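Think of it as A, B, C and D in the order they're written, each chain with its own count starting at 1.
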Amino acid sequence: MKEPEKKLDWKHRLHEIIYEADTRMGRAFDIVLLIFILFSIALVMLESVADLNRTYYMEFYIAEWIITAIFTIEYILRIITINRPKKYIFSFYGLVDLLSTLPSYIAIIFGGHNMLFAVRALRLLRIFRILKITRYIGESDKLIRALKNSQPKILVFLFAVIIISIIMGSVMFLVEGPENGFTSIPLSIYWCIVTLTTVGFGDIHPITPLGQFVASFIMIMGYGIIAVPTGIVSAEITKGAHKGIPHNTQVCPHCNETKHLDNAEFCHNCGNRLNEK
Amino acid sequence: MKEPEKKLDWKHRLHEIIYEADTRMGRAFDIVLLIFILFSIALVMLESVADLNRTYYMEFYIAEWIITAIFTIEYILRIITINRPKKYIFSFYGLVDLLSTLPSYIAIIFGGHNMLFAVRALRLLRIFRILKITRYIGESDKLIRALKNSQPKILVFLFAVIIISIIMGSVMFLVEGPENGFTSIPLSIYWCIVTLTTVGFGDIHPITPLGQFVASFIMIMGYGIIAVPTGIVSAEITKGAHKGIPHNTQVCPHCNETKHLDNAEFCHNCGNRLNEK
Amino acid sequence: MKEPEKKLDWKHRLHEIIYEADTRMGRAFDIVLLIFILFSIALVMLESVADLNRTYYMEFYIAEWIITAIFTIEYILRIITINRPKKYIFSFYGLVDLLSTLPSYIAIIFGGHNMLFAVRALRLLRIFRILKITRYIGESDKLIRALKNSQPKILVFLFAVIIISIIMGSVMFLVEGPENGFTSIPLSIYWCIVTLTTVGFGDIHPITPLGQFVASFIMIMGYGIIAVPTGIVSAEITKGAHKGIPHNTQVCPHCNETKHLDNAEFCHNCGNRLNEK
Amino acid sequence: MKEPEKKLDWKHRLHEIIYEADTRMGRAFDIVLLIFILFSIALVMLESVADLNRTYYMEFYIAEWIITAIFTIEYILRIITINRPKKYIFSFYGLVDLLSTLPSYIAIIFGGHNMLFAVRALRLLRIFRILKITRYIGESDKLIRALKNSQPKILVFLFAVIIISIIMGSVMFLVEGPENGFTSIPLSIYWCIVTLTTVGFGDIHPITPLGQFVASFIMIMGYGIIAVPTGIVSAEITKGAHKGIPHNTQVCPHCNETKHLDNAEFCHNCGNRLNEK
């Protein structure tokens, strides 16, 4: 496999490094890129701290430009080395790469510090690139499959949560009223979601005895219905775990008995050999 | 199927459109109605925001009347097109439709802004109509069946939660007392429910070391017993998913008995051989 | 069965009414007693509300004495009608009955309003009598069995939660210190339990960035480990649900095949009748 | 067994007492040590309460030294009685023992009250010794195995929670901004973790309607995804409980193969009849 690889021109070699992860260089590129992304995210975070931004303004400015330059080079290389650049540019990761690099240039031309920050924060989108490393973790597949299978049931559940929140939120608005902090129905619905999900910030809370009674009802309900999504996902993962583990799909050629153990060599029903070679 | 449909008079045609959803017109009617219901709910929500209500009073007023008129027409049409109007009027959806339309008229006659709002909010009841679209989502059936089967167990659990809340609430009232915000036993029970369900508003919280110790106990208990409803529903949904696993689809050729075990060779009902070769 | 019952003297008849629930009178007695217990609990609750106690002092006083009188009579009747009174007096319910009746008398003799209330609150213990009605609810048995089976695992889990709270609470005390509200290690442990159980009152909360980082770690840990008790109980209930449902304990008298379906009349292995009458 | 024990010199006898728990003396040593550890932990906790420390300064000081002396003696004995002291000194428990004893001496030499406390708190590490008693509780093994098996899935889940927190935290920073308490992205991420894990301190909370809408979204998400770790652990524990159910205890008389299916009549490994009658 070494020889034909040597014959590949630099474009193909770069393609393999940038887009794939099955060579040593490809993996190294992925890891270096990941470090830069994490560094750029940390940078945006630190810049948002007012004190730090004032003290290290210059350092942040320089780091910003280095990161932007690196991501620009990476973006250009990705376009050059691919055969059908359009496909990459309009792919999810292509758009994320563009949206996380372009803003830095726009921000300079149009200026304005706050707006500058907002667009720079778009770089956080690059975090999705990290998700690509999940391909190294095989387990995520099973999880995602279990979640996908549970999706219709979970949607029904979310739909129910939202309807309960709207109804109970309106009831709380009528019971407590604007004088106790429930100033409008949307705010009451927000409070109801805060309560039903057992978050409970405490910025708004019922004050009248009747309101506290209704709130108790909502809380116990929220405490109970959390069982539903949990039950759904549990059942789905359990099903996935059970599926096919003790049996395989072999069929005995003599008696058509199925559900043999994975390591079975003879049919457990008629005693004949399962796989005649 | 097209021909006999044409012969139906307008009353039957309207009935099919309004009450059923298996024709294109019927489905369209359902969707249009749903949009109006969502719009009317949004209207009630926005009206409850004091600022918006002051600025857009006139717009809200007009929109109110349009919605009321549409719902009135729909209500009348529903009564006209059905064969036994009484059955509809006193059905759940019939009462909801009446209660969500009538108040607007009453509010005008008797006036009074706050009371007016309260009765108008009854229109939120119409949200239940949305639930009818759940018939499009087959999964909700399984969920509701699982919840129904868990109902007796969940009732026992809720009963236990309430008794724990009453006992621990009373204990906290004696431990913390009115000077630390636990002004009465009902309020202490309310606090106990807030804590046991892990909501934790923080409007009332223990201050004495002993009170904090008891609260820690309540919290760990609440953290632990949430496992119970979750376990109940998980088991129920898992059971629903497994159901049929121990049985196969064989039908006895003699007595048509179904649900035989996988390794059954004779019918468990009539004793005849299942698979005659 | 009617005749021998008539021959029983009043003592035996009363015994059957008071202690048992399989006659109409016995069930009625249970229900009436339950109503009185709920009434006496409501009374204690309402008395704890300062405003109500001031306004309705006389009414509460009278109701108190009626309740006390009724419970005293019930207690005496229980002692009289039973063959071995000592066994009842020192049983759990016997002690509860005594502790919930006696204090009212003591409170009068020794006076003192607050102390009076504290002892009167002991009447709440009677709430345990309500648990006896759970015998009407068969489902509670399965639940309690599942919980009992999970007990050793749940104890290990609680032990882990407490150790995590002690360690992380101490860490937070060192990180945040008394100046940010974490005035002592016990208080920090209390805060840690509040956080780990996802209650989150907000009376104390981390202020330094490092403290907030450690708190984030604690929260995610708490969010994750709630899965453990839930998983334990789910598995236990699922196991209980699976156990024996599709099969019964019949053994075929001809081929000794087991695991027949509940409605099986013929052995699925050899085709012979299962229950020869 | 009594005789050879007598022949052992004091070093071997002490080793058996200190390091093992299968003699009466060994168990007694473990329990006494456990009591001292719990006592020393309680001491550190109480010392952290400013009021108590001021009042009982002398008592705490003496108790400190007694505890330190006992732990020093224990540490020396452990080194003396073991054959390869280095192995113990650099083992986990050896380091914990050293770190929890040494600081008391250092604190005296270098002085400084706060620093003194910080190092003394290291004694809390000794709490890990308590974990050794878990060997008495067999159930903990199953739990730990279930958790270990779920580890890769739980890591994927934690990774997802952190990414969601970073993205939604940044969104909230842009939506609410520093004027509503979301002063920086790291703080917003902290708030997002507080919300997603349903802790909800309430020290920071959204104030703008849009912020409350995004917060509602985060809360419902957090309420839903708690189902994932729960489902993972449930499935794992259920699997552990089920393991072995599809197999029976039959051993093939020809090839000693085990784990046959319940209805197997022939060995799936060598094809011979399992039960010759």
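The working rule: a contact is a pair of C-beta atoms (placed from the backbone, for glycine too) under 8 Å apart; a residue touches a chain by one contact, two chains touch by 3 or more.
All of these numbers come straight from a predicted model, not from anything done at the bench.
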Inquiry  = From the C-alpha centres, identify the chain that is farthest from chain C.
reply    = A
Key: Pair joined by the larger number of C-beta contacts - A-B, A-D   = A-D
Query = Over half of the interface residue numbers used by both chain C and chain D, so same, or under half, so different?
reply = different
Message = Using Cα averages as centroids, what's the distance between chain B and chain D in whole Å?
response = 42
Computed distance of Cα centres, chain D from chain A, in Å = 29
Query = Of all residues in chain C, which are in touch with two or more distinct other chains?
reply = 157, 186, 189, 198-202, 226, 230-232, 234-236, 238, 259
Chain B to chain A touching residues, read off their complex = 41, 44-46, 48-50, 118, 121, 124, 127, 130-131, 134, 137-140, 142-143, 146-147, 154, 157-158, 161-162, 186-187, 189-190, 193-194, 196-203, 226, 229-238, 240-242, 262
Ask   = Which part of chain B faces chain C closely enough to touch in the complex?
value = 152-153, 155-157, 159, 163, 166-167, 170, 173-174, 178, 183-186, 188-189, 195, 198-202, 205, 209, 212-213, 215-216, 219-220, 222-224, 226-228, 230-232, 234-236, 238-239, 242, 246-247, 259-261, 263-273
Note = Residue set of chain C touching chain A in the complex reads 198-202, 230-231, 234, 238
